Structure formats: C-alpha cells, structure tokens
Amino acid sequence: MPYVNIKVTKEGVTPEQKAKLIQGVTQLLVDVLGKNPQTTVVVIEEIDTDNWGIGGESVTVRRQRKQ
Amino acid sequence: MPYVNIKVTKEGVTPEQKAKLIQGVTQLLVDVLGKNPQTTVVVIEEIDTDNWGIGGESVTVRRQRKQ
Amino acid sequence: MPYVNIKVTKEGVTPEQKAKLIQGVTQLLVDVLGKNPQTTVVVIEEIDTDNWGIGGESVTVRRQRKQ
Amino acid sequence: MPYVNIKVTKEGVTPEQKAKLIQGVTQLLVDVLGKNPQTTVVVIEEIDTDNWGIGGESVTVRRQRKQ
Amino acid sequence: MPYVNIKVTKEGVTPEQKAKLIQGVTQLLVDVLGKNPQTTVVVIEEIDTDNWGIGGESVTVRRQRKQ
Amino acid sequence: MPYVNIKVTKEGVTPEQKAKLIQGVTQLLVDVLGKNPQTTVVVIEEIDTDNWGIGGESVTVRRQRKQ
C-alpha cells in the first residue's frame, strides 16, 4: 500500500528509465518492508529546471554558471 | 482551511469533471468536519501514464498488456 | 488508481470522521471519473495548529485573536 | 536540508519571479532556522486554473464570475 | 537533486529498515538517472492506519475485517 | 491562493520560528507575485531525523558520523 512520489528535473527522462524507477522502488518496498507490490503506487513528477531551486538559485542558472 | 491534493492519470479529464471533483470534495469536508469552504483548497494534478506506476509497472505498459 | 492527500488541522478528528472522508472521496472518484476504488489511495494528514498558516499567521494565533 | 514545495496557479510566472521565490524562501530558512542553503531544495509547481479549487469552485470559474 | 517522498503505514518500521529505504532509493536514482547522491533527498512519512484508506475503507478496518 | 509546504527535520523548531516562517513566506508571495495573503496556506511538517535521508544515509547517522 505504499505511495512513493519521485520528483526530478525535466531533462529527457525516457519511458524506459521511468519503468526502471517504478520497478526498482516497488521491489525495494517488497524487499525491505514486505509490502504488496499490487497496491504500491509510484508517481514520477518532472519539474522544469527554472522551477527547481537548490543553493538559493534555480537549476537553470546553476547549470549556466557552471559551464 | 483544509488542503486536498488529488492525483489522477492524465487521460482527458474535462473541466466539468474537475469542477465536480472540486465541488464534491469541498462539500465532503463541510459535511464531515464542518470546515469553511471559503478557505478549502483543492489541487488536481494530472500525471502522464508513463509516470504512474502500480504493481511495479507503468500504467502505459499495464494498459497495453491488458488489451 | 487515484491518490488523494487530505491535510487538515489536528483538532480531534475521530476514526469515524476519517472513515467518512475515505469513503466519500473514494466514491466521488468512482462517480465522477469511473475510477476503480480498489486501487484508490487516500492519505489523511493532521497538522498541528502551530504548523498551519493562513493569512500570514498560524491557526493557533488566529484562533486566540478571534476569541 | 529543508524541502519547500510552492504551488501557485499557472498564470505567466516569469523565470525572474521564480528566481526571487527560490532565493527568498532559501534565505528565510537560513535566517529563521540557520539551515544550510546548499542542501535546501525548492520546487515550484504551476497548476492550471481549471485544476485549482477554492470555495468549492475552480479558479477559472471564480475569475469569470468576478468579472 | 531528486526529491523522493515515501509514505507507508505506521507499523513499526525500524531505523534499520528506514536506512535501507534511503540507501536503496538513492542508489536507484544514481543507477538509473546518474543523479548526484549528495543532493538526493528522501523523506519517509509514516501514516496511522486510521488515516490510510484503500478500497474506500481505512487500513485499520480492512485489517480487522480480514482477520 | 498559493499553497506552500515546508518540510524540515524535527529538531525543536519553536512556535515563534514557525510563526516567522509562515509570515515570511506569505509576505514573499505577496511581494513577488502579488498574491492575496488571506488565501495563502502554509503547512510546516517536521520529520524525524531517522526518516530524512540525504547522501544515501539518514540525518541521524550523518550527525553521529560527523561528531
């Protein structure tokens, strides 16, 4: 019955990578807590780099500054 | 003052359906807990079927497999 | 498959009231969107009034001021 | 290490405004709680006005009604 | 920079199990998306069984009914 | 109408500090986006250090290791 929400920056995550995240985190909850995978929900949200901040600045600006 | 977040798969939910969800969940909080509807916030998020996992696989794959 | 998160202030919500919220919001998603109730997840979170702000002040202070 | 999620209606928030929100909320956590800005994460989510409800109706309808 | 929120029912999850969830999901994001573990945040929330609904009823009631 | 969720580790945040966070983030949304403070909701959640992971380990372990 767990619910997992994964937020990452929107930078071309492929359906295959999303499938691996869903499969991997569901298996982790089976292995560690014995949860039922059939009722384990995983929601991936992709966030624009303008909308993600760390260190007080957006990821967009952070990436530009580091080039 | 309640805050309700409803996440559903992005599959053509109409503005009319969204209005019914907002109206219905707000009324539920009035009826059950006596909350003030004027400060009850409802946020609906629609999630791509590639990004929603259940049973260890994405809804996209699950739908294809079940056809 | 929907996921619903309901946040309310922690002020003595009873198990019966929680059951009504869970039942009501699940039925709403069945009625409006035709969702499967068996995979509809509802999570209620109760938040201390010190930790809930509206109008720039905590609900604790707001309640005291209105007395 | 704090995590801050800001949800606002999707109505033309500019990258400059997003940068100010990220900078401002990160600084607030430094000032009030002495948190390390380098591990403070801020995620801004913009929500369609059809998907945001208050007072039992969507912001779209609320805006039209108030004109 | 990912942020992961894991919600499970509050039923005696040990610090060792929590450590395994944190380690496992962080490693998954490194393996699948090449994310930096140093800025990957994982937040585990444990929810009372009265407050978790599935199939229109609370986990508390569901467990009692199945005994 | 914004909704802000602030998650921090549970380490003795005082009601005064919470009030400053609520006041500060509400004012920020007024200043940057011209939002109405009366419908701006702020929810602070305090998370046990066992339940907060960064760099693949819990904050509890991280703190012990750094002493």
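Each chain carries a letter (A, B, C, D, E and F) given by its place in the written order, and its residues are counted from 1.
Heads up, the rule we're going with is that contacts are C-beta pairs under 8 Å (C-beta built on N, C-alpha and C of every residue); 3 or more make two chains touch, one makes a residue touch a chain.
Predicted model, so just to flag it, every value in this text is computed and none were measured.
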By mean C-alpha coordinates, which chain is most distant from chain F? B
Which chain maximises the distance between its CA centroid and that of chain C? A
Counting in whole Å, what is the centre-to-centre distance of chain B and chain D, each centre being its mean C-alpha position? 20
Chain A-chain E separation of Cα centroids, rounded to whole Å: 14
Residues of chain D whose C-beta touches two or more other chains: 1, 3, 7, 21, 25, 39, 41, 43, 45, 52, 54
Mapping chain-to-chain touches, which pattern fits: line, ring, star, complete or other? other
Pairs of chains, among all present, that meet the touch criterion: A-B, A-C, A-D, A-E, B-C, B-D, B-F, C-E, C-F, D-E, D-F, E-F
Note: in the complex, chain D contacts chain F through residues 1-9, 13, 17, 20-21, 24-25, 28-29, 31-33, 35, 39, 52, 54, 59
Residue positions on chain C within touch of chain A in the complex are 1, 3, 39, 41, 43
With touch defined as at the start, can you tell me which chain E residues reach chain C in the complex? 7, 45, 47, 50-58, 60-61
Which stretch or stretches of chain F touch chain C in the complex? 15, 18-19, 21-23, 25-27, 37-46
